[in-house]
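Here chain A shows up in two complexes: once beside chain B, once beside chain C.
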Partner chain A sequence: MSQLLQYLADGLLIGVVYGIAAMGLTLIFGVMSVINLAHGPIIALGMFGVYLCFTVLGLNPFIALILVAALGLLLGLIIYIVAVHRVLNAPHLSSLLATFSVNMIIIGIGTTIWSTSFRNVDYSLGTLQAAGISLPATRVAAALIALLVTGVLYWFLYRTRPGKNIRAVANNRTAAELMGIPSTRVLALSFGIGTMLAAIAGGLIGTILPFTILSGGVYELKSFVIVVLGGLGNPLGALVGGLILGLIEGVIPAFTSVGWVPVFEFVLFVLLLLLRPQGLFGAKK
Partner chain B sequence: MSRKSLFLLAVFLIAALALAACGGAATPAPAAEPTAASSAPAVTKTVTIGFTASQTGKYNVESSRQINGLNLWMADVNNAGGIKLSDGTVVTFASKFYDDESNGDRVQELYTRLANDDGADFLISPYSSGLTSSASVIAEQNGKVMITTGAASASNYQQGYTLVYQAYTPDSKYLTGAADLLVAEAPNIKRIAIVHENDKFSTGVAEALKTHAEALGFEIVLFEGYDSGTTDFAPFINKIQAANPEAILGGGHFQDGSTFARQLSEKGVATPYVGLLVAPPEPSFAELGDAAVGIFGPSQWEPLAAFTAESAQSAGLAWKGITGAEFTQRYQAAHSEEPSYHAAGGYVAGLILQDAIERAGTLDSAAVQAALDATDMLTFFGHIKFDTSAENHGLQIGHEMVYVQWQRDSAGNLMKQVVWPPEGRTAPFITR
Partner chain C sequence: MKTLRSPGLWLPLLLVAAFAVYPLITGSASTRESMFTVLMSVALASSLNILLGYTGYVSFGHIVFFGLGGYVGFYLIDEQGWHLFPAALLGGVAAGLLALLLGLSILRLRGAYFALATIGINEAMKAFAKQFALFGGPNGMELNFAIYRGYGGANAALWLVFWSLAVLALVVIFVSFKVKKSKFGLGLMAIREDEDAAEVMGVVAPRAKTWAYVLSAIFPGMIGVLFFFKNGVIEPESAFRLHLSIELLVMVMLGGQGTVLGPALGGAAYQSLRRTLLTSPMFRDIQLVVAGVLLLLIVLFIPSGAVGWLRSRWAALRRVLE
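Then we have the complex of A and B:
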């Protein structure tokens, strides 16, 4: 029993971090129908942000997340203004190509500066023992911060004026503009917040696992599965989707080889696309 | 001077320059001390050694050390004046290399370029069995002798190649000694978990270990592979804990091995014996701190190994090159760090080629190949001898592994100790 608890706990801890990464992707899609292909490299930049704050500035990696979040928001605003805004009303392929270009630019610059060698934030909070299971405290802290970020995001979206503006633009951009909501600023802010969430997710993953500038691709792929699982454009669905994916990754190894995990994940992905394309928490159209 | 005289002088100068330019690659070297037998200046030739280095990607640590060792050999032989061929030509060495990004596809492309466009005379393998497998095809296709180092997979030498020679002990012997070590030092344990990287080298090692351990009476309670590039070992560690082994053996390369060791410690896994491939012999493994204590692993070479000209004589073998102490001292002077076996492997790959060229007395590939087939020598790295059968041509059959373990000394410093075989032991084998 305690062994099954161990599998469950590990899955949930990593799943909540996946959820944060996917939330950024789904927020951007929900507000402006843009699939951000620069999501993975931004996750990797979050990892490097924490790594550099830790190794160069000597900051605690969890404190460094504040700086990483601020820089992520700024980077998102810049990417929106430079690459996304002008293609927002063009066919979807244009925004895909624009964000893919940003992806290639970040990877190119990152590879030149940091190479593709692995980095590691050498930081540990020890091991927590409870109910017969042992958990690395760093992972527990990362999961708690991810939950805190989710709570703050929901407070922002439902309790603040800019957050309500974002929801209004997501629901009906034209109507929101008629109500006097500055949609361009709201769209830029949404893209910035989505990017910030990706950077935070990267920073959290960077505190627990080694990474390279190319590591974001794996989490971008997981994010796509999660947003389809939770429903495109639904941030809460992304969190639940992340938890489900984490549970799959955590529990399947208890019954079969770990190599089967991606098979189960992507079979689920295909089944959802076929049977419930709006996702578990998406509204029927 | 008349215009006609000026014209004739110009024609003479142009003709002289043209003759000088036709001298080709071989250039007369200034002979400092002409011998009595010949007053002609010695002809020098620069031989190009081609290879790729994993300057980026997951093999960066091991490959960098390997290249450091190879470059040290090259500096040593060039500083000693090069080597003299039977026709009197003095040969010095230069390298031509590219970053392979730890990527097999890049290796094939780059070794083709090295062999065809860059005029590499001889090749040294990249690091890792997978990349070396890609390079070996190109070496054989282009008729280039290649010495492999950092590549232990035996299957590479069962492809019918005739120009590829292995410096390392083959993978089948990497962890079999770990099972022997456990039998001798922990005779009560019976349950082993084997968790290994799913690449060519590590899978070969794990399968050979499984067969050997079962033959010794161990029960393999978990046999599981993980993808190259895995960074989260939590699912594997959970399976290990569920299987409740008394020893964990496996791993793959430095990056995954050191991450695996770190996460075993973070998850509080109390298994008393953990043996991993490749990572433990690396000096930078000590950066794991307490997570490194008690971890053991096979090493192709250790600075404590004491192969000398005297031990070669008593073994009836030819001695070649510098001693281990000299190599360690020179490497530390050049790189300010202790050399790992990857560095020693890089040096010895050059030394093997040098010895073969010296005995062949020529740079002709067929003659060097014949000399390599006849190699049977002792170096600071150990015994070097190649299988010359059609089935396993080029496979290393002379060299043996040692096992190291990270332990704290009386002052609390992390030290790498040799714990196996008993004749080379520098400290007793301990639990984690």
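Then we have the complex of A and C:
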């Protein structure tokens, strides 16, 4: 029983972090209907950002996250201007391939600089003991930060002017433009925030698990599953989706081999797309 | 016979035939290997084009058919002692059946949802193959070397695979042309332009889409069997490699989606570019970056690909290039 509780807790903690990675993906999709295939490499860049701050500058990994987030935002703005803006109104294939070319460029540069060997952020805060389960404190801290980021994102989207602009553009770009909202700037900002969330998620995962420059791909695929669970374009759904995925990953190994987890995940993913493409909670349309 | 005289058909056929004959002239194994890669890309890209270019559905995980066909054929050859040809046929049938099943379900999804679903299916199949004991689990299967003896030695077997692939590539081009010129193809292109309008005009969209999907899946299934027979080893990571799937999209995009010549040209151009980059001392380390930048430039500035661009630039070419 306590074994199962342990699995549950592990799954939930990592699930929240998956959730914010997926939130970035779903925000970008919700605002501009672009599936960002450069999401994975940006997650990996977040990992390396924290790793470099920790090993080279000697910064605390959680402080380094602030720097990583700022750089993520900047990178997102650049990617939007260079690669995404021109293909916004083109068919889906164009935006998919444009973001994929960014993916290739990042991976290409990354493998040249860092090769594909494993790194890890050797940082520990000890272990927390409660109710017969033990949790590494870094995981708990990562989950708390992820929740904090979600809260801030919500405050931003619902309580501030730029956030409301983003929601307006997501709702109806033409109408928003008629109301005098500078849509290009808003789109660039949403793309930037989307990549910022990916970078933060990467940084958090980097403090928990070892990684390579190619690791982002795995989390990108997980983000797809989560996004579909929560409904494409629905950020809060993404958090819940992340929790569900974390639970699945935590609990399935208790009953059968770990290898079946992805089979289960992706079958669930395809079934959901078929039966409830609006997600479990129904995205706003 | 009228179709054979159309330059839209014989130009791509001639191109493919040239790739096939080239190693015969040099007679070297290394040209054969590089032409194998080119022909494989041409055939895979052309079959993807039937769904992507004509019907307008972006299949991101098309490699799932290559992998599944490869696994089924490999199993039949390795474990059941089948000859290559019937195994390849059955590999194609397996891929076609999967496409039929999927077509009845996920083709209801449109745009980004469909693209995501195809990625999910590829990943699900990969994860499944890793667990499926009959197919060797995560380690996959390895061909017993003695099997090549039945084909007159390893060298003869490699040439046999090469010629089979060449014939298959020609067939794919022919089918691609026939589809484009048929009423069925016209229906597909109507779906690409506007699915709802096409339905109103009497195109039975679900049926047409499903058959386009099946048609575009059969050939990758057969090619998978040929490839892994030549390779001698099959494992989940190499069979269901999402990256290859995306490379196929790039090839189709490079040459021009929705054209017969485009994917053939794109496949050949992409592979020769890749080879040049990989062997040049300057670009070897950053070949992925160079390829990424090129792809981005094409997507941003020439979205209709080389053939599409030529056709729109010179009206006279529209009668020659299809």
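Here is the rule we use: the second predicted complex is superposed on the first by the 282 of 285 C-alpha atoms of A that agree within 3 Å, B and C clash if a C-alpha of one lies under 4 Å from a C-alpha of the other, contacts with A are read in each partner's own complex, and residues count from 1 in each chain.
Simple rule for what comes next: a contact is a pair of C-beta atoms (placed from the backbone, for glycine too) under 8 Å apart; a residue touches a chain by one contact, two chains touch by 3 or more.
The shown structure was predicted, so the numbers you read here are calculated from the model rather than taken from an experiment.
Clash or fit: chain B and chain C on chain A?
fit
Check whether A:232 is in contact with chain B, with chain C, with both or with neither, and answer first, second, both or neither.
second
Give me the angle at the C-alpha centre of chain A between the C-alpha centres of chain B and chain C, rounded to the nearest 10 degrees.
The vertex angle at chain A equals 70 degrees.
If we overlay the two complexes on their shared chain A, which of chain B and chain C does A:6 touch? Say first, second, both or neither.
In the superposed model, A:6 contacts chain B only, not chain C.
Which partner does A:83 contact after superposing on A: first (chain B), second (chain C), both, neither?
A:83: touches chain C, not chain B.
Does chain A have more residues touched by chain B or by chain C?
The partner that reaches more residues of chain A in the superposed model: C.
According to the stated criteria, A:33 is in contact with first (chain B), second (chain C), both, or neither; which is it?
Only chain C is touched by A:33; chain B is not.
Would you sort A:111 into first (chain B), second (chain C), both or neither based on which partner it touches?
both
Does chain B (first) or chain C (second) touch A:259, or do both, or does neither?
A:259 contacts both chain B and chain C.
Using only C-alpha atoms, work out how near chain B sits to chain C after the chain A superposition, in angstrom.
The answer is 7 Å, the least C-alpha separation in the overlay.
Identify the overlap between the chain B-contacting and the chain C-contacting residues of chain A.
Residues 111, 257, 259, 261, which sit in both footprints.
Which residues of chain A touch chain C once you look at their complex with the stated criterion?
29, 33, 35, 82-83, 86-87, 90-94, 96-98, 100-105, 107-109, 111-112, 221, 224-225, 228, 232, 257, 259-263, 265-267, 269-270, 273-274, 277
Which residues of chain B touch chain A once you look at their complex with the stated criterion?
Interface residues on the chain B side: 55-58, 60-61, 101-102, 198, 224-227, 231-232, 234-236, 238-239, 241-242, 255, 259, 263, 266-268, 287.
Residues of chain C touching chain A in their complex?
52, 56, 58, 60, 105-106, 108-109, 111-113, 115-117, 119-121, 123-124, 126-128, 130-131, 138, 246, 249-250, 253, 257, 285-293, 295-296, 299-300, 303
Spell out the residues on chain A that touch chain B in their complex, using ranges where they run on.
Touching chain B from chain A are residues 3, 6-7, 10, 14, 111, 115-118, 120, 122, 124, 127, 129, 134-136, 138, 209-212, 215, 249-250, 253-254, 257-259, 261.
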